[in-house]
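Across the two complexes that follow, chain A remains constant while its partner is chain B and subsequently chain C.
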Partner chain A sequence: MKKVLFVIYQAPAGSIWPNEGFRTAFGMYADDVEPEVLLIDQAAITLARETEPKKLGLLSIKMVQKYIGKYDTKVLVEKESLQKFHVTDLDEAYQAEVLSRAELHARLPQYDHVVFM
Partner chain B sequence: MEKLKITIQVMAPPYSYQDLDTALNIAEAGLDKGHDVGIFLFADSILSTFSRVKPIRMDRNIPECMKTMIAEKGLRVDICGICMDYRGVSPQEVIKGAKPSGLPELAALMATSDRFINLMA
Partner chain C sequence: MLVLVKYGPENPGERWKLEAAVSTDQIVLIQNGIFWAIAEPETLAGKKVSVVQFDLEARGYPATACQWPLVDYAGLITLMEENPKSMS
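Take a look at the complex of A and B:
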């Protein structure tokens, strides 16, 4: 089974990519692929409890939580990105693991593909 | 030389970014060397298959380039069907040979490709 890391780096409001990144990752369960999702830079804001683009009339991001729970999808977030955007109150429904940049560097070789979205 | 299965995923819109041009150049080089090459179009990149695209005369016509490469070199082109629906593009409006597809097909391509290239502006 191939392991694929989907790296999302754009904001959860103002871009479609946090939603599309999760949606694409969930699509991998159709085949012999194990997806994980990593949020870096502005995308780390996705995990804040108060982040919900639906408040602005945009597509909900919280809806992905249902599928994270259903598939038990691994979600990672870079610690330095959380600090950069002062994200301290994480929504536990994302089940995110916080990793430092150095820890992420060490982790990357385990993936067959790394896909930036 | 070992024949490789190569998949290139593109996300960025044609004519705003040049990822599609990069993808086609890589695809052509791979096909010319005898590899099995496919492009998976996601999000706004699907507009590159719209048959009524009409750039100015001196510019390249990306849908036409893709159509020629499909017909003459065997390029495979998959288009995310939900992305097409979101942008109001029907299967009748895309170039001949490009195939409406989806995430299960993308997952299969990731599982079976020897090389997977992801272009994101």
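Take a look at the complex of A and C:
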């Protein structure tokens, strides 16, 4: 089974990429692929409890939580990005693992493909 | 691992990729990724880099503007075949 890491770096309010990143990852379960999702830079705010593009009338990001739970999708977030954007209250429904940049870099060789979105 | 960089230094995702790339990774600068070679070459120091020649020349730079090996599309395919793992 191939392992694919989807890396999202844009904020969920103002770009569709966090939603698309999760959606693409969930779609991988139809094939022989094990997906994981990594949030870096502005995308780290996706995991904040109060972040919800629906407040602007945009597509909800919280909707992905249902499928994270259903498929047990691994979600990673970069510690330095959380600090940079002052995210301290993480929504536990994302089941995210916080890793440092160095830890993430060391982890990359285990993936067959790393896809930035 | 093949590391494809298609956006320039303004892109945080591409900067993250380049920081993550180790000396054995093959980096290819393609499309606006060629601007790393022009505007921020120090970021590429010590790394294995190739630049897509067509993308360099299409943006008005001569081959001599670049200190890294240039590849054509056939060369790019060869690099992809040599590196089955990718970060793109």
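The rule is short, and it goes like this: the second predicted complex is superposed on the first by the 117 of 117 C-alpha atoms of A that agree within 3 Å, B and C clash if a C-alpha of one lies under 4 Å from a C-alpha of the other, contacts with A are read in each partner's own complex, and residues count from 1 in each chain.
In the analysis below, a contact is a pair of C-beta atoms (placed from the backbone, for glycine too) under 8 Å apart; a residue touches a chain by one contact, two chains touch by 3 or more.
Fair warning: this is a prediction, and the values are worked out from it, not measured in the lab.
**Student:** Just checking: does A:Glu34 make contact with chain B only, chain C only, both, or neither of them? Give me first, second, both or neither.
**Tutor:** neither
**Student:** Which of the two partners, first being chain B and second being chain C, lies in contact with A:Asp91: first, second, both, or neither?
**Tutor:** So A:Asp91 meets neither chain B nor chain C here.
**Student:** One more residue to check, A:Thr24. First (chain B), second (chain C), both or neither?
**Tutor:** In the superposition, A:Thr24 touches chain B alone.
**Student:** In the overlay, answer first, second, both or neither for which of chain B and chain C A:Ile16 touches.
**Tutor:** After superposition on chain A, A:Ile16 lies in contact with chain B alone.
**Student:** Between chain B (first) and chain C (second), which does A:Glu80 come into contact with in this model arrangement: first, second, both, or neither?
**Tutor:** After superposing on A, A:Glu80 lies clear of both chain B and chain C.
**Student:** Just checking: does A:Glu52 make contact with chain B only, chain C only, both, or neither of them? Give me first, second, both or neither.
**Tutor:** neither
**Student:** Once chain A of both complexes is superposed, is A:Val115 in touch with chain B (first), chain C (second), both, or neither?
**Tutor:** Both partners.
**Student:** Could you give the residue numbers on chain A that contact chain B in one complex and chain C in the other?
**Tutor:** 113-116
**Student:** Name, in rising order, each residue of chain A that touches chain C in their complex.
**Tutor:** The touching residues are 7, 9, 40-42, 101, 104-105, 108-109, 111-116.
**Student:** Mind listing the chain A positions that touch chain B in their complex?
**Tutor:** Of all residues in chain A, those touching chain B are 2, 4, 16, 20, 23-24, 26-33, 113-117.
**Student:** With touch defined as at the start, can you tell me which chain C residues reach chain A in the complex?
**Tutor:** 1, 12-14, 16-17, 19-20, 84-88
**Student:** Which of the residues in chain B come into contact with chain A in the complex?
**Tutor:** Chain B residues touching chain A: 9, 11, 42-43, 102-104, 106-108, 110-111, 116, 118, 120.
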